[in-house]
Each structure stands twice: as structure tokens, then as C-alpha cells.
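Should a chain be cited, it is by its letter among A, B, C and D, assigned in written order, with residues numbered from 1 in that chain.
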Amino acid sequence: MSYNTFGRLFRFTTWGESHGEAIGCVVDGVPPGIALSEKDIQPYLDKRKPGQSRFTTQRQEGDVVKILSGVFEGKTTGTPVSLLIHNEDQRSRDYDSIKDKVRPGHADYTYWQKYGHYDYRGSGRASARETAMRVAAGAVARKILGKNISIRGALVQMGVESIDRDSWDWKEVNKNPFWCPDKKTAALWEKYLDSIRKKGSSVGAVIEVVAEGVPAGWGAPIYGKLDSDLASAMMSINAVKGVEIGEGMNAATLMGHENADVMRMKKGKATFQSNHAGGILGGISSGQPVVVRFAVKPTSSILMPVKTVDKHGKDTDIQTKGRHDPCVGIRAVPVGEAMMACVLADHMLLHRAQCG
Amino acid sequence: MSYNTFGRLFRFTTWGESHGEAIGCVVDGVPPGIALSEKDIQPYLDKRKPGQSRFTTQRQEGDVVKILSGVFEGKTTGTPVSLLIHNEDQRSRDYDSIKDKVRPGHADYTYWQKYGHYDYRGSGRASARETAMRVAAGAVARKILGKNISIRGALVQMGVESIDRDSWDWKEVNKNPFWCPDKKTAALWEKYLDSIRKKGSSVGAVIEVVAEGVPAGWGAPIYGKLDSDLASAMMSINAVKGVEIGEGMNAATLMGHENADVMRMKKGKATFQSNHAGGILGGISSGQPVVVRFAVKPTSSILMPVKTVDKHGKDTDIQTKGRHDPCVGIRAVPVGEAMMACVLADHMLLHRAQCG
Amino acid sequence: MSYNTFGRLFRFTTWGESHGEAIGCVVDGVPPGIALSEKDIQPYLDKRKPGQSRFTTQRQEGDVVKILSGVFEGKTTGTPVSLLIHNEDQRSRDYDSIKDKVRPGHADYTYWQKYGHYDYRGSGRASARETAMRVAAGAVARKILGKNISIRGALVQMGVESIDRDSWDWKEVNKNPFWCPDKKTAALWEKYLDSIRKKGSSVGAVIEVVAEGVPAGWGAPIYGKLDSDLASAMMSINAVKGVEIGEGMNAATLMGHENADVMRMKKGKATFQSNHAGGILGGISSGQPVVVRFAVKPTSSILMPVKTVDKHGKDTDIQTKGRHDPCVGIRAVPVGEAMMACVLADHMLLHRAQCG
Amino acid sequence: MSYNTFGRLFRFTTWGESHGEAIGCVVDGVPPGIALSEKDIQPYLDKRKPGQSRFTTQRQEGDVVKILSGVFEGKTTGTPVSLLIHNEDQRSRDYDSIKDKVRPGHADYTYWQKYGHYDYRGSGRASARETAMRVAAGAVARKILGKNISIRGALVQMGVESIDRDSWDWKEVNKNPFWCPDKKTAALWEKYLDSIRKKGSSVGAVIEVVAEGVPAGWGAPIYGKLDSDLASAMMSINAVKGVEIGEGMNAATLMGHENADVMRMKKGKATFQSNHAGGILGGISSGQPVVVRFAVKPTSSILMPVKTVDKHGKDTDIQTKGRHDPCVGIRAVPVGEAMMACVLADHMLLHRAQCG
């Protein structure tokens, strides 16, 4: 992995800024002969698309993806798949009043320090807009993985409010604007987030992504571990501050006999009786569901004024009037799913390479 | 990063099994002209070395490192530095009774599924013994980073017992067998861990690693982010299940105005007034301390019998009589420091490449 | 380097087929703050552009390049530079009559064997059209290298007719349709190539690319040698069958004392008295001009009928009526220059990373 | 590929200097379950070993290889195979008289310019001694490729004396000290090289390596072409100045109809009637023998005095009294074979990854 390229064998390179003409990515390493069209990709982009409820940014983007190469007569050719989305609703003027101010929590300060020169409009390259291309690449990855592998994500915590895991119902996820698997909590979140939004602030969240159907044996010691790659992939998503596999941080609190996923033969098959490990042992998939969680910090751009400095070395206040998500974690759900798909596709190919 | 190689420009490749003749690594990309001898590496290995208290495995390893190449007349030449440690105390017989049993929580099952064939003695390649070479490579990385960057780690949680952060004293870290920065908690842990050890079980832990003196500007969007690489590096350490930067998973619970690291000019310098971000914004260092935490699960090899299966498809019980750590998290402290050093050295070179 | 991505730190990924909607590339790793616009790139594309004389294909392509990202207010930002060219004159019908026939010397057979499925129109991805994006990336590389490094190419042999090296004049190169540095030979080639073209055949060529101003010290042992990377870069150009550095294949015929580039102090500077080495020793630049030559085979698509097979397993004849270059080596001159620029830019950054 | 690591999936990293304690390599990406012992590797090392006739250096090295990891119960485990050879006959004193002099044609000057500081004893890392580890890695690659792929090399030109290709007999190759496939030429070379040796000079050579049994479909456009990787691999061998595939540089002289490898159905199989292409089309193997040639320059270290400079900026003469090969090309034959094996093994795995 290097800079703007993800992956080893299943690789994609993203480009484009929030307020440029377009964003895009080039997906390389795709096996030949896979049926692929824009219809396979668009639904995932629609899921991530802004402006779908009052709980996400009001920026209006069609996010219509176009395949420019790598597909011939409806099938992948094995050559690079170039994907492009035109930016539509880039109100760059929104940023004029703050262009010299450093927005706390954003990459303004660090890009300035690193590059000297940067695109202040909507964070330029550091914008979450880049994640649209991850979602597009993730849709291609799903086609490589095939129908036997299912990848689903859900919001499991918003601010201090967690779901009731006993009420988890995957069918609920698409029925509320939060991708919440627990009906009651979804209702609660609606009020909770409204109150935060009205206050002019924002809130963090935790996303859980589960991959089922992953065979045992994917992943590779020592620096190509499946969990190591998942951690990298999730942490690379904007605003993510923590990543967990299986028990995650909670593993620290357990004793060895509590954390053991004991095994028993069941219909002639070695079977685990729990999944504290989150489906990965020694960096290699165990055949159990692969379970990843990640925490997204609260959106840094808020209406409440925040103390900061400007580029001329003066103390100042900043108030972000651009259109932003009160809980950016919501739209991170399809992004987390996409990154899971991309990591798995890469490891599927890596495993096939070494072990046939 | 690929398989057994870490890094992009500062790169190391580790090899060797727990019960083989030796373990080693090849460190590539080291700048020329840096003073380097075994004396720069050995102290870090001694810190990680087993058998130093009743709280770590009783395996006795001198862990004496030897530099086989890349240094001439006391200085690095810019060519690969090959490091080697002979294994000494490999009581392979300990493993005879369990060689056909799958040890829950270990990589036995997944290596078996992936490779068909594997070295069951002390987990072979999956053993934490491999981390000795990370520590060795980390010592080389520290020499590249120079004296202005300090990297220190501490155990901040053992099982359900966390330190009191207000009592944090770096000087305490070397005065107890746990690398605990809080004197009182260290005393408490001694009893706590003894009770768990006597029970025949083990316990998890959380390690915190802090790098000070890192200049603003290291790291690279989008898939070469400093935090993304740290997450990958820490998650690649044996038994790690969660990684956090700054606020980590707790960021989910905060509101935007609480999480903002506000800035003020101070003696003509832009200064942050808090460090929720853990020193990284948009994947790039901000000049504040870089703060990483990771959770280590309880050692899987325990004296208490655990249900499992064997390779002949029979249900069975397993009891691990080999010499193991009751809290493997303790010895993960120098390993976490080493990985921090390696990630930073890699990014120092990457930054110099692109930005001069 | 992997699949469709060139380079380590200065990296570009190309995409697109000869008869698709567009071709493009993403250039990553560009240092920030470099003035860059389409005007810096277009002249090199114009040099490679088809249809400029009767000696190159009559396909008419404007080859107008567009920068879609990575540049803000006229300067590079350090983020990916996305470049795009729309295809204009794709007469795909030309290929209808031969779509089931394997064109000898082309990649038809091997793509078919590898991928099962491929784009037969104008060779799809295997078309020399891809080299337009190398030329575009090369223009970006030149901006990184700066004005002190000059990179120039020339055609030094066409078929059996070589130039007279004693008459080499760089000023002549732009005055004839062959990039020939020797006026007399250029006149001779005009007749020579006309006769071959009228015969319905084609002919091979040798290109020489010289980089002046490269400082001593670029390149890296052992598998990152400057000459090794140049060999890879040149051999990756369509139709290239041989690559030489300095004396090249002729080095085999020399004795040690003949081949020695002896040194003498000159105005206080160590100076070479010849350049058999082509400016590279031990994989590292010596400060002398870097000299690379490569041989391009005759265009495989010719009007003369050639025996072949079709995809149904029948013997057949093929005659290519598409628009092709009688000597594809001519248009390889700017491509070779571009690849030299890209390799050097990559090594400039690599050297800066390791040696500061 | 980066610095001291070769390959993408089949990867090896070499380390060690000519006059250090040992040299070694770490081979990563090896599929599990392959029978491997030192006996599979030693014969190839013996072939490359110095001191076997008066036509190679008189340095005496046992070159006994040891496997330190990655093999368990006689089979590869899929984890890194570490190989080590102790240096035995390092007469470093030979170099004392020339330690401050720049040896023309060697890497002394460029290492000095790049790194400031270097190991002058026997060229340190730049010594051809490194190629022993390529040969060892190549032996592992051969085991991956299996018995259906044969890789053989021969010396086809020494100085101005080429073999008679009509007399090519592979059985002759092992019967003379030159790996010459033509009995008469071998006899001639004996006198020819003796005369050059007595003169105190050296001479260049051309090596040809042929791989038979490679299936159609290995290789990958555009920057992962099989020929591009072969060019890189061969050019990375010490003293190589030119690389050719199939017709090589001679392709420039041919016309399209002469160079066409026409096809005909033969027993239901598409068959080529010639192999000008050297078994590669569009960067992908065609199923024909893969044919590579490379030129090795004359050994730079010669007994005849050569003008040069020293590190103190004085003109001087140099005469190399160390033990050197009068025609270093001879020992390059097994090295070229090894690099062919390594490139093919890497592409076998890459092809399996993408195309199943």
C-alpha cells in the first residue's frame, strides 16, 4: 500500500478533491470474465450518498458512476477498471470566509504544515468525498468475492447510546436513516441526534461490519495479517480513531478461560462454540464470521464557534457554515462495508496465489 | 507491506520459528553513516526477554543479537542490516503431548487450514518469539529517528484494573515488572496477576505508546496515513485485538465541541490546547505527541483444561504445560514501542522523499 | 511495480483501451508546490501524436490532455494528479473482419490464452495508445526533475540503416519526421521507409535516449538499480525486444582495458575520460550522461497477408487494413524519453529519502 | 521490487558483503508443502562456485548453504525460508593497497558518491558474491515451478567469438569450463581466454537462457510484463549491460513479414512456426520457449595498470591483484538461469492469483 493506492493484488488508486471537477479511481487486479456494469456499483453509492435525510449533509450529489475501461461486452477483461463520478454541488463560496482559518479537528493544519500549499475548499483531498470511490471499489470487490460471502454493516453506537445487541435484526438496518439494527434504539437516536444538531454540535459513533462465508485460511503472517490489513483499512477512513476485531479493546478485561473459543466436532466438522476472536486467529480467517468495529469521532465542522488560529498567526474563532453531517458515522457504514470487501478480495487473491 | 516484510522505505523482513535454530531479520533502507552496533540493540531485547520475573514465561533465552551485514567500521553503509539471534531453550518435547490437538485461541487451526502442514512446536512462526526481531528492528529505527524523538510505552490496564492516569509517572515504568507508570496500581497488579496465575488462567491488558518530538507533517493521505500504518503495525503484534489513536473508541461518545482540540497562538506558535486527536489529523502528524493504545487478549495457552478437537476429528481436552506468560501484554510493551519507532522511521523517510 | 502501476515513490497508474471512451493515468507521489498545467504536458503529447506524417498511422487524435485533480491555483498539492484524454477517432469497424483471427506478433493470442475474453478492437489495452499516458506522466516527471536535467531521444537505426554517429546533431532531431540526429541519414530513411511501406511491410528501429545533468548517486543496489529499472521501463514499451546501457550488447566483445572508463582529476574534479558504462556503475549514476538504447520490432500489423489461425481452430490468412505505423519505432522516441524521465524522478525521490 | 528485495509474490531479500562474516537471503511467498532440503539447492551453488578452473577466480569458497527456517519435516511451511552461507576465504589484505583508489568500472566511485562511506573490501555489497544468494533463491523457485518447466543457460559468445548455433548441443554444456553448447567453440575459447588472461586483461560474454514448458498466459500488462521483469532481473546482475528477448536488438533490422511468427493448426493445436518473439507477446508468455540473452562486460579488475584517481583527489594508477575472473560471464550462466526461475515463479503465482 502506498499513498493513494490500496491493496496488494486487488488494488485501487483514488484521486480527486471535494471541490474539483470529478473524483475517480482505478481498480487493478480484477480477475477476467466477471460480469460488471454500473448497475452493480450504483446501489452502494446511493447508500452512501449525501442529502438523504436531515441527519446527513445537505450537499446534493447524484454520485452517478461511470465505467471508463476494463469492461468489454459486459465482462471484466482483467485490465484496469477506471471509475469516475462528476462533482455537481460544490458550493466553494461557502469556504471563502474561512479559507485562512485552521479548522480544529480537520486536516487543514497538517496539510498546511506538510505541503505548504493546499486546497481549502471542503478539505480538498482530505474530504470524506473520497470515500465515494472506496464504495465504488468495494462494489467491484463484492463481485470478485461472489455471492457466498455476505458483508453487512450497522451503526451500533451513537454518542453515549448503544444498541441492545439482543434486539439485533439485520432487516431493520435498511428501515431507518441510521443503518441501525435495533428498532427501538433507532427511534431513540432520532431524538438524540436532533437535539445535538439543534445545539449546533455533532456526535461520534461506532460501526460494526460482519463478513459471513469467508472460508478458513485467508490472511498471511506476519505483516500481511487479515486483521492487520482490516485495521489499516478501517483506520484509513476519515475520522476513525479506533478499530476492534472480535472482542476488541474488551479483550483486555477477560481471562484466558473466558476468552477461549472452545471447539467441538459437529456433524463431522470442527466447530467453534463462540467467536471472541472475531473470525481471525494468527492473522488468518478461521471460517467464523469476521467481525470488525470502528469508532468515528464527531464531525469537526460544527455551527458552534470554536477557538482557533489563522494562517497569519492570529487567534480567531471559527464557525463552519458549510453543509455537514451531524453524525458522520452514519455515512461511514457503507464505507466500512466497502473496505471489508476490498480487504477480503485482496486476501482471496493472495491466498489463491500462494496456496492454489 | 507484504507477508513477512514490514514498511515501504524503512523495511524489515523477519524469519524463523520459535523452535528452529535461529530467528532473524533483514533491515533495509537504512540511511548510511549512522553509528550502529549490537550495543544499540541489545538493551531493547533485554527489556523484552522472557524469564525476568515470575510474571513472564520461564523460557530462558539470552537473546543475544548479532549484526551480520550492513555496518562497516561502526557505521551503517546504506545496505541491508542482517540481524540474527540463536534460539537456545527450545524444549520441543513440551509440545509432544499436544501436537495433534488444536489449541483454542492459537493459530494452530488456521495454519492447518491454510497450509495443510505446520510447525506445531511452540506455534512455529506464529509464536510471539518473532517479536524479538521487531524489537531489534525498532532499535535500528530509533537510531534513524535520532535523539529528538522519544518513544515510550507503558501498561495502562491489566484485566479489569486500569491505572490512575493522574498518577502517571514515567520514572515508575522501569521500577516494576509490568512497565506500569503508576506505583500504586503496580502493587495491586502484583497480587491480581498472582491470583490469576495460580488459578491456571491468564489475563488481557492495554498498552499505551507515546512518541514525543515528532514534527508536524509526517504521514500521507489516503492509504499511507500515519494512523492507518500504526493501526496495521500494532494489530500485527500477536494477540492484539484493538487499536486506538488518541481518544480511540471513546471518540464515539463525544460531541464535536468536546472533541475539538482548540488552538491558540503561544509565543508566536500555533498551539493545541488538548490532544484528543492523539497527534494525528487527516493521517498526518500535527506536532503533538502521537498516542497509540492497543489491547492484548489473555494468553491462550493456559493450565486450565479447555475443550477442543484434534486433527483426527475427535473431541478432546487440552491443557498447556509449556512455559507461558500469564499476561502476555507485559512483554508487548517493548514490542509496541518498537513498532511505533519503525512506523515513524518509515514515514520520516517517506516525508523526506516527497517534501524534501 | 505491479500490473498497471509504474514506480515506487513517483508512481503512475494507467488505464484505458485503444477503442474505449478515454484513456488516463493517475500520477502519485508528486512533490507539492510545483507549477503544473496542461501546457507543460501537451507539447510532449503532440510530439507522440499519430497522423503527423505519412510515416505514422493516419489515425487522427487530438490527444488533448486534461488535469482533473492534484493541482490547485496552478501548483501541485502533493495529492494524485489525474490526467485524461478522450479517444476520438476509433474506427472500430476496421477490426470487424479480423475479430476472430489471431494477429501474429500481437498480444491477441496471449490475451486470449490468459484472460479468455479480450477487447479485439485495436488491441484494446495492448495497443500502443497506452503510451500516450506514459508521455503525459513523463512530462510531470520532467517538472520534478527540474531544468538542470535534460532528457533527449533520437532514432539511431531504422532497419539495416544506422546513423553516422560522427554527424550527430541534436538540432536536426526536430527537423525531420524520424527524430533523426543525422541529416543525411534522415534523407536516406525517407526513401527506405517509403519503399517498405509500399511493399506493404514494416521495419524495426533503435532509439537512443540520453539524460544529461543527472548527479552521481542516484540508484540503489541490488534490485533497485537504476539500470535495472531503466531496462524494465524500456522493455515495458510496446514492441521493444532489447535494451542496452552504454556499450550494451557490444560490451561482450570488448576486453577489460578497452572497456575501462579511466579517470583523471580535471579542475579539482574526478572526471571520466569515456563513457562505456553509459553513466551507471553498480546500479548507481556516476554523474556522466545516462545512455539507454532500445530496439523496437517491426510493426506486426502489415498489409501483406500473413498465415495465422482463428479462434475456431482453422488455418487462415490475415491482412491488417487498420491504420498502422510502417515503423512504430519513430513514435517510440518520445515514449522512451518519458520513461527515462519517470525512472529518474522515482530515483531522485528514493535517493532523497535514504540519503537526505 | 525495492532495494534488496526481488519479486512481488515470490520474493527474496539478499544481504551480506563479500568480506563480511556471511551472506544470506530470505525467500518469502513459497507455497506450502513443497519438499525442500539443502540438497535441492547445493548443486546450483556448486555450479556457480569460484575456483573450479583456471578460467574463474581462485578464491576458494565451499559455499555450503544452510536452511534456517521455513521448512518443517522436509517440507516448506509457507513461511519465510532463510538461507545462509558463511564466507570462508576473504583475503581482505589483498585490498589494503587499493583501498583509497577508485577502481574504474567498479561501483567504488558511485557508492562513495551516494553513501559517503562504503566497504572497499572486494566491493562489499557490490561484489558478484551476492549472486550466490540469487542462485540459492533460484533453486527454491525451480521447486515451485516443478519438473515440467526446464531452465537452461549457455554461454553463446565470448569476446568476438560466437558459437555456431547449428552445432548447439545441450549435452556439451556441462562438459567444458565455459557452459558452451558447441564443442568446437569451447576448444577455441580455451586458447582465446588463455591469451587474454596472460595479457592481464579480461573479456566480455553473452549468455542465453531458455525456459521450456512455460504455459501460455503468464505475465501481466502493462508494468508487470514478463519481458519487462526479465529485463530488470537480468540487468540487475553484476556487469550486465544489455538484455534481449527473442530477436533482441536484431529485431530492429527486420521487416514485418520476416519477423512474423506465423501460426498453423497442428494436431488440433495452434502452433507457431518460428520464435522471433522469444516466447512472449504483449508481455505474456505464448507457450513457446522463453528466450533471453544478456551481455556481460569484461571484468573491470585487471592486472594491467589502469589510470584512475584516489579519494584524496590525486591522479594515480591501479592494478588489481585480487583474485578475479578473466571472463566473469562464465559464472553468470547459473545466475541467469536462477533469475529466469525466480521471475517465472513470481509470475506463476501472480497468474494463479488473478486467473485462478
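As a convention for this text, a residue touches a chain if its C-beta (ideal position, glycine included) is under 8 Å from a C-beta of that chain, and two chains touch if they have at least 3 such contacts.
Just so we're clear, the structure is a prediction, and the values are computed from it rather than from any experiment.
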Chain pair with more C-beta contacts, C-D versus A-D: C-D
Whole-Å gap separating chain C and chain D, where each centre is the average of the chain's CA atoms: 26
Centroid spacing, where centroids are CA-atom means, of chain A and chain D in whole angstrom: 46
Chain B: positions in contact with at least two other chains: 2-5, 8, 14, 29, 32, 78-79, 114-115, 125, 221, 355
Pairwise touch network: line, ring, star, complete, or other: complete
Interface residues, chain A side, partner chain B - complex: 1-6, 8, 14, 102, 104-107, 109-111, 113-115, 123, 125-126, 130, 157-160, 196, 199, 201-206, 216-225, 227-236, 238, 240-265, 268, 270, 273, 276-278, 280-287, 295-302, 304, 306-309, 313-315, 329, 351, 355
Of all residues in chain C, those that touch chain A in their complex: 2-5, 8-9, 11, 13-17, 20-24, 26, 28-29, 32-33, 68-70, 72-73, 75, 77-82, 114-119, 124-125
Touch list for chain B against partner chain C, complex: 9, 29-32, 78-79, 221, 349-350, 352-356
